[in-house]
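See the structures that follow.
Presented sequentially are two complexes of chain A, the first with chain B as partner and the second with chain C.
Now for the complex of A and B:
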């Protein structure tokens, strides 16, 4: 796969808005080792978006889109929430599902893609908020995992319904008082990473998006494991700075504070045995490829 | 036959789908003008006349010609550019032909730039901003074209032409069907032939799209 497939008609090239020209000229479609370090030197797969200034979700989007191993052959499935405002500005195929249906849609999509393109790797990535993943869509989320559907589920966990003014969600911390939840949460944050593990996910990570290299690693691992073995789940803390009373500049610090070893977003990872084996094989191949490239570069400069 | 006529608006906030008012699509070799089935020859003349009369005649190419997804699409794009160049050559001082792409169908938030693109979910913004009073859609998928044409008819006074590669659009004021490179070139030739014979609406108080 490569960007040769998406050329603009020469006769109308000059009238295309510059973001589309840039996507064709310098986006990283087809680049084997694409990652967050491409940000700033190539066209990102996300254009201007309407998220709030300083929103950690926008950071997460940028890192994830930079890290997808196969964006030209990836379909993302979104759901209702702040993320649905961003998808129109994303240069990866995407589907907006009804609230909570995202994992059911992704199940059918993944199977249909397998039938339609039998010889081609097609990745499906669900990206939804905590309301869609854990509350309204929990049934669909779990059933997809039980069925061992081969796609990645990413939950942007901001611990409440941010898009509608701050209602209580299952992933909200116990005791938290939000604008539309004045009594305070009465029960504990749902432990979805553990539920994911028990439901058959082969790769589960709970972390924040404060470190782009970490986001890149977990996204690549999750997509590769889902492609070859079975369902994977990433729960990424993307705090809503407005709803927790922070300023635009404080999102990153909020994530850093929340990932300390005793905090709820301390890095947690579960990898099944088959997934461990696969990731070890991929790492060995990657090492070989890099060594070969280094040798080739050395020969060329000699 | 229906008495309803597909005319420049603004009709009202939610204009009816022309199909629901009894307007039917042309058969192969035919076209329609204002919902009345007519010969293609007559439609070329009328489309060319409308372009030459307009203060801001505009071509809106959609993704099916903007992207060279096959050889035919690239050739159609060349023909669209030829039509636009012909329009530029044939208009009189004061007229301002435009070529504005519709690269994406998804609603763009927070906004589109109406100077550089048109979006099917709010085509009126581009039409109002540029005071477009005659436009032609080409290479836009049917459902998005129908949506746009209805919005334009509902909220603007712009005359709409559809150069449709399928069965035509009843929601346009004038529609060709089975669009091809030859048909686009023939329209360009007709514009060239009628050059100087049509009086532009430059002095009319009602020119330009109204809100």
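Now for the complex of A and C:
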């Protein structure tokens, strides 16, 4: 899809919702180098959201949607949970079907798009919570990686089942007292980034969403590697401030505290050899393009 | 948007000609071939212009699912892979259908049950996936034998449900099924059921359409809901997701959506009648006694009728081809003269008899039986015996029936 596809017939322009008019006028479909810095100067691909005030997940959503390298040809797959409350407001085709089957849906979707649009880029990005990714959907998460399905899996890790009211999840820390963990969780946080690496993911990052520039970088890398090489996995800490007893303003500090070098969300990445090569090539092209643009700008001003 | 009419007469990459489906099914020459049911599934899919097939091993559908893999290797199908479980496979099928592909899969018994959460989602999302169900036991202890209990669970999913009697039904209905399923005013998944082993693993003469003719491809832009391929504007669907609101608007939305699914099942009626030549087949329905059955129980009923004729008892037959849409009016009409209605079934609960009891006036006429289950065969003699007992005629008790 290009931006032309979303144009409104002149006769109907005035009856279209203003957010759609804004989308036509100033969204960033098709813009090269789109990224988090477009926020504030262009129409975001997320309209409103119905998450709690100050929810770090809403920040993550905005950064991710601003950073997708190819939103005009990206289809997202969600699952049940807080994320499914946001997707109806996202201006990228997205699928919700059941709880936990997101990587199976994405596998079928990616295959179908491959059959229907040979030679064209159609990115698929899964975005689901930790319950969907690690508990109820773990089988399908891993099997998609084993099969080397070429899409990105993003897990919003808030270390519990937030939407159902704060129950224990596999990614919860050991000892944390929660609903369904009345004496504290009895086993360790599941080490999914390591499992992802061993399961065949070519690009794996574990981090928080405290820095938009970092989110932009890892999203772009993950989507590019998935497009060209194979599965990629991002585990992003989006704390549920409600369930860990924090106030609306404290989400950012919670993430900063949790990404210190000895903490569980200290930045951690794994990049396979073919992915390293691809990312180096992309970085070189990027540099070349920026230098050419600079030269052109210099000539124009001279 | 693709126009399927303009593609008629052109060739696909395998050299098959996209053919008008009515001509292909009703006018093109047929070649008698001696095949197993599984091989017949393969031959139908060879002609079905399928984009994606996803497979998983479970008896008795494994052979058919593997044979479709051969078709993929030969280049007749766009993509094919083995999923990790039936739950995952049915979700993978959904993903492929969301992405605009014509999708095929097969399952059986415990696989149908494992995948069950997907089926109302398929119909709710208006995905015209075709799933072959080669029925087998779902009871514990473990059984792989023929038993049709699983069909009862499919009846309220919002899927179209057809029950094939023979391999010939199977061949024709797989191809016709896509056409009915993909109509814009239907656009629902189809569970095409047969009795495992009896149909899949026996050989029969089946009249095949020419192998160089195939169905026109699926056009996902005839769907009543947007295809998830980012080729049309990504509208925001709603301001607040209905799942999180407990108010009248949200209830009304869910209610009207469900009503629309069942309205679509109803709208499939006219297409199904057109393509299957009626939802039921009938014979001698002026008789006092009528057997109503679906699947291979029809074949056994037919044999029982022949045996009863030898004894001077005249008996009619109703073959129920489509269970959803349900042939309510057809069954009422076909049984209006009947004093006794017998419903032989290959399952323990007698779900078909319950449906018929809820359909016909004076439902005390309905004899729910004979039933066999757990893989038991249904010799026509037990149907004869059931009928003669009800009529007060002398009959011999069958060894092992406990009667």
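Going forward, the second predicted complex is superposed on the first by the 298 of 302 C-alpha atoms of A that agree within 3 Å, B and C clash if a C-alpha of one lies under 4 Å from a C-alpha of the other, contacts with A are read in each partner's own complex, and residues count from 1 in each chain.
Methods note: contacts are C-beta pairs under 8 Å (C-beta built on N, C-alpha and C of every residue); 3 or more make two chains touch, one makes a residue touch a chain.
Treat the numbers as computed from the prediction; the structure is a model and nothing was measured.
Judged by the touch definition given at the top, the superposed model places A:143 against chain C, while chain B stays out of reach. Look at A:115: by the touch rule set out above, it reaches chain C but stays clear of chain B.
In the superposed model, A:49 makes contact with chain B only, not with chain C. Residue contacts after overlaying the shared chain place A:16 against chain B, while chain C stays out of touching range. In the superposition on chain A, contact of A:281 is made with neither chain B nor chain C. Touch criterion met: A:98 reaches chain C, while chain B stays clear of it.
After overlaying the two complexes on the shared chain, residue contacts for A:77 are found with chain C alone; chain B is out of touch. Residue contacts after overlaying the shared chain place A:6 against chain B and chain C alike.
Within the superposed three-chain model, A:89 lies in touch with chain B and with chain C [touch as defined at top]. Once the two complexes are overlaid on chain A, the chain A residues touched by chain B in the first and by chain C in the second are 6, 20, 48, 50, 85, 87-89. Those residues of chain C whose C-beta lies close enough to touch chain A in the complex are 51-52, 54, 78-79, 81, 83-85, 87-89, 91-101, 103, 117-118, 121, 125, 226, 228-241, 243-244.
Chain A meets chain C in the complex at residues 1, 5-6, 19-20, 47-48, 50, 72-75, 77, 84-85, 87-95, 97-98, 101, 104-117, 122, 139-140, 143, 147. Across the complex, chain B meets chain A through its residues 61, 65-68, 73-74, 77-78, 80-81, 99-101, 103-104, 106-110, 113, 116-117. Chain A meets chain B in the complex at residues 6-12, 15-17, 20, 48-50, 85, 87-89.
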